[in-house]
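The next part holds the structures, each set out as C-alpha cells.
Below are two complexes that have subunit A in common, paired first with subunit B and then with subunit C.
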Partner chain A sequence: MSRYLAGFRMQLRAGIRTPSYWMTILTTPAQTILFLSVITAFDRPDLTAHAVIAPAVVSMWGASVWTGGAIVRNDRWGAMLELHAATPTSYAVPVIGRMSATLLLSLAAIPLAMATAWLTFGLDVGVRHPWVLAAALVVTTAAMVSTALIFTSMTVLSRAAITFQNSASYPILLLGGAFVPLDLLPGWVHPIGRLIFLSWGTDLVRDSITAATVEDLWLRLGMVLLLGAAGLAAGTRLLRMVMHRVTVTGEISVA
Partner chain B sequence: MQSAVTTTALRREFKPRKRGLDPITALDDVSLAVEPGEIHGLLGPNGAGKTTLVKILSTILTPTSGTATVLGHDVVEDPGAVRRVIGLVFGGDRGLYTLLSARHNLEYWAALYGVPSRDTGSRIDALLARVGLTRRADDRVETYSRGMRQRLHLARGLISDPEVLFLDEPTVGLDPVASLEFRQLVMTLREEGKTIFLTTHDMGEAEAICDRVSLIDRGALLATEGPETLGRWITAYERVEARGVTDDAATMVSGLPGVMSTQRLPDGTLRIETAVTGVVRPIMEALLAAGVTELGTRPPSLEEVYLRVFGDRGLQV
Partner chain C sequence: MTIRIAANAARVGYRETRSQYTWRSWLFGWVLRLVAQTLFFAAMGILVGSDDLIEFALIGNVAAGVTLMVLGIGPDTAWERSQGTLPLLIAAPRSLLPVFAGRNVFHLVQGVGEGLVIFVLVAPWVGVEGNYLWLPPALMAIALGSYGLGLFIAAFAIRKPRWGNTIYNLVYWTTVAIGGVNVSRTVFPHWVQQVGSFLPLVHGLTGLRELLSNGFTGAAVGQLGLELAVGAAWFTVALAGFALFSQGGRKDGTIDLVE
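So, the complex of A and B:
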C-alpha cells in the first residue's frame, strides 16, 4: 500500500508540473459543445446527460491510457525503468499509483463538462442521485486505471506501441457505451460489451443523473469492480511478463 | 568465507541489429569473485562490457549462459533476493526524476525498497547530509549541477542500506574536484563494511580507491590485480609531453636510450613514449638542455597499458 501511495504522491507532485499528463481533459469542453450541438439540432434535450458524460468519459479513458504510456516512455528515457526493475517491488504497483493520481485529476472532466453545458447552452444537468454518481465514478475510475495497465504493458514491450495505443484502446470506449449506451448498439455486440467494465460504469453514471430510481445498484457497482479486478489481474500479470521479457532481450535499457 | 559476488563462465550476447550478422558478444566467459567488504574495480575501455556485467549482477539483464550470484543468491533463479540486498548507481544524467526534489526522489525509492515509513524521514535526512545535499534537498533536481546529481544518485543507491553496491562509471563527466569528493564518499562506505563493485575506464581512479581491479576488454576478463600493480604500470608507461620542441631536438630525443617512439600531436606537442622504466628523467634533462621549458609527464592511456601488458590479447581493433 505504501508503495502504491508513493507512486500516487510522486505523480501528483510531478504531474501538476507536467501538463501533458492531464492536458487531455482540456478537450472536454470542445467535445461537450459538439455533442450538445447534435442533440440540440435534433431537439433531444432528454439526451443531455449522455452528451455531458460522453466527452468526460472519453477524456478520462484517454488520460489513463495516455498516462500509462507516458510513464513508461519517460521512465525508459530516463533509465528509471531499469532502476525500477532492480527494486524488489513489481513495476505495476507504483505505475498504478501514478495512474490513479492522474485519473483523480482527470475526474475534473465531469464538472468541466457540466459547466460547459450550463455556460454554453444554459443546460442544467441536475444530478438526481449524487451519492450514486460519486460511487459510480469511484469504481469506474479505479477500473479504468486497472484496465489501462494492459495497454501500458504494451508500451514496455514495444516502443512503437505508444503510437497505436490510443486507437487500440478505442473499442473499449465504443463497447463500453461511452458515446451511446450499449443498449443502442447492435444486439450482437451486447454480450461483448457486457464483459467490459465501462459499459456497466457508464450506464450507472447516466442513471445516477437521470433515472427516477437506480435499480440493482449493488450488483452493477459489483460488476464494475469485478471486471476492473479482472483487468487488474491481467494487467499486472502482463506487465510482469513483459518486464521479464525486456530484461532477456536487453531492450529495457534501449532509449 | 563466501564471496559477495561471483560470476562463473558468464556470457552475454545481443541480437545483431541486422539479420545475417553475427550476434554481438558483450561478455565472454567471465569468471570473477568479489570479496565481502572490498572495493572491486572493473576497469575497461568503451564497449568492454562493464555496464553489461553490472546489469546482469543487478538482475536487469539476463545472461545468455553462465551463472552469477550476489551474497549467494543466483541472479536468474532468485532475482527478488538479490534485489533486496543490492543498491545500483548509474553515472551520467539519467536516473532521476528531475521535476521532483532530492527528498521526494528519495521518498519514492525508499517506498519501493520497502523502507519502513517510520524510518524513511530520518534515513533520508542522514543520507542527504552524508552526500552534502541538505541545503538543496527541497529544490528540484533539474536545478542541480552534474556533481550534485551524482551525489543524489549515490544517496538513492544507498536508500535501502544495501550490503552490496554497484556503481557504473559514477564519476563520468565530473570535474576533478567533484570526482575526488565522490571517491572519498565511496571510500567511507567501505569503512562501513559494504561491498562495492565499481566500473571505470580511468586507471587513476581504479588505482586510487580499489582494493582489487579486474581488467576487462572486449567482453573478456584479462586479469585481476592489486592497485599497486596498476600504479606500477602507470609509472612504467608514463609518457613525456613537451611543447616548443624543434625538429632537431625531436630527432635528438628519439635517439635517446629507452625511447620507444616520438609523435607530434596536432597542436605541435611532442609526445615521447618510453619502453623501459627509469628513462623519463634523462629524457626530460635532455629536453631542458635543448632549451625546452614547457614539458611534463602524462599517465599512459588505458589502451596503451593493455597493449603493453597483455600484448595482442588486449589490442583494440
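So, the complex of A and C:
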C-alpha cells in the first residue's frame, strides 16, 4: 500500500507540473466542439450527453494508456527499471499508483467538456442521477487504470511497443461505445464489445445523465468492476512475466 | 550541398521509421488504430441516422490521418534535443532546416501511403462511390500542405521540448474540429471558418471532396492550390523559427539546456 501511495503522490505532483501529462486533457475542448458540431448540424440536441461524455472518455482513456507507457519509458531512460526489478515487490504496484493519480486528474475532462458545451454552443447538460454518475465514473476510472496495465507491460518488453500502446486507443473507444453506443453498431461486434469494460461504463454514464430510470444498476456496475478486475489480473501477470523475462535475458535497459 | 544534406537526412529518417516497425506491428498496431479511429468517427452517421455523414466522415478522417502523420514531425524533432545530437548540428556551418526537413520527409510518404491503405480497408464496408483515382494526388497535396505547419511545430517544439506532444495534439484536434473533417464547416460562425482557412487540410479536403464528386474541375484545382499555399506560408514561418532558434542558441549557449 505504501508503494502504491508513494507512486500516487509522486505522479500527482508530476501530473500537475509536466505539460506532456496535460496533453490528453487539453484536447478535450476541441474534441467537444467536434462532437457538438455534428449533433448541431443534424439538429439533435437530444444527443448532447453523448457529445459531452465522448471527448471526456477519449481524454481519460488516452491519459491512462499514454501515462502507462510514459512511466516505463521514463523509468528506462532514468535507469530505474533495473532498480524496480531488484526490489521484492511487484513493479505493477507503483505503476498503478501513478496511473491512478493521472486518471484522477483527468476526471477534470468532464467539467471541461460540459463548460465547453455551454460556452460554445450554449448547451447545458443536466444530470438526472448524480449519484449514479459518480458511482459509474469511479468504477469506470478504476477499470481504465487496470486495463491500461496490459498495454503498459508491452512497453517494458520493447521500446518499439509504443506502436501497440497507440493501437490501444481507438479500437477500445469504438467497441467501448465512447460516442456511438455499442448497441447501435453491427450485431456481430456486440459479443466482443461486451467483453470490454468501457461498453458497460459509457452506457451507464449516459443513462445516469439522460434516462428517467437507470435499470440493472448493480449488474452494470458489477460488470465494469468484474471486467476491470480481469484487466488488472491480466495486466499484473503480464507485467510480472515481462519484467522477469527482460531481467533474465539482460535486456531490461536495452529492450 | 544543401540537397545532399537533406537527402542523407531523408535516408536516416526512412531507416529510423523502418526500425520502429515490423510489418506485423505496423499492420496490427498502427494501421489497426487508424482504421478504428476512422470507423469511430464514421460511426457518428449511425447515431444521427445519416448514411451521407458516414461517407463524409470516412473521407474526412482518411485525409486527417495524413495530417496526423505529417504534423507528427513536430514532437519527433523535439526528441533530437533530448538525444543530445543538437549541439553538433548547431556547431555545423549549415542551416538546421535541410537536416530536419530531410529527416522528416518520409512522414509524407508514410502519411499518404497509410491514408490509401485505410481507405482500401474501410471503404468497402461503407460502400462509397466516386472518382477515387484522384485520392492519391489529393492526399499528397494535403501532406505537402501539412508539412509546413509540422515543421513550424518542430521549430517551436525544439525550443520547448516538454510541450512538443501537447502542442501537436492541440493543433491536430483543432484542425479536425473546425476543418470540415466530420461535418461541413458552415456549421461554424464565419470567423471560425476564416481561422480554419489558415490551417492545412481544410482546403485540401475541400478540393478532395470536389475531385471525388465532380472530377477534375477548376474549383478542385483552386482548393488544392490554396492547400499548397498554406503549406508554403507555414514553411516560411518555420524557416524563420529554426533560424531564430539556432542563432539564439549559439549566442547564449542554451542549446543543450532544458527549457
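One rule holds in what follows: the second predicted complex is superposed on the first by the 250 of 255 C-alpha atoms of A that agree within 3 Å, B and C clash if a C-alpha of one lies under 4 Å from a C-alpha of the other, contacts with A are read in each partner's own complex, and residues count from 1 in each chain.
We take it that a residue touches a chain if its C-beta (ideal position, glycine included) is under 8 Å from a C-beta of that chain, and two chains touch if they have at least 3 such contacts.
A quick note: this is a predicted structure, and the numbers were derived from the prediction, not measured.
Judged by the touch definition given at the top, the superposed model places A:L5 against subunit B, while subunit C stays out of reach.
Using the contact criterion defined above for the overlaid structures, shared-chain residue A:P94 touches subunit B, although it does not reach subunit C.
After superposition on the shared chain, subunit A has more residues touched by C, the comparison being subunit B against subunit C. Contact with subunit B, but none with subunit C, is seen for A:A86 once the two complexes are overlaid on the shared chain. When both complexes are overlaid on chain A, the residue A:A14 reaches subunit B alone and has no touch with subunit C. Of the two partner chains placed by the overlay, only subunit B lies in contact with A:V248; subunit C stays clear of it.
Judged by the document's definition of touching, subunit A residues 18 lie at the interface with subunit B and also at the interface with subunit C. Only residues 19-22, 25-26, 28-30, 32-34, 36-37, 39-40, 43-44, 46-50, 53, 162-166, 169-170, 173-174, 176-178, 181-184, 187-188 of subunit C touch subunit A when the two sit together in their complex. Within the complex formed with subunit C, the subunit A residues making contact are 18-20, 22-24, 26-27, 30-31, 33-35, 37-42, 44, 47, 50, 160-164, 166-171, 173-174, 178-181, 184-185.
Residues of subunit B that touch subunit A in their complex: 14-15, 55, 58-62, 80, 83-84, 86, 88, 90, 94-100, 104, 107-114, 117, 156. Looking at the complex, you find that subunit A touches subunit B at residues 2-3, 5-7, 9-10, 13-14, 17-18, 77-80, 82-89, 93-94, 247-250, 252-253, 255.
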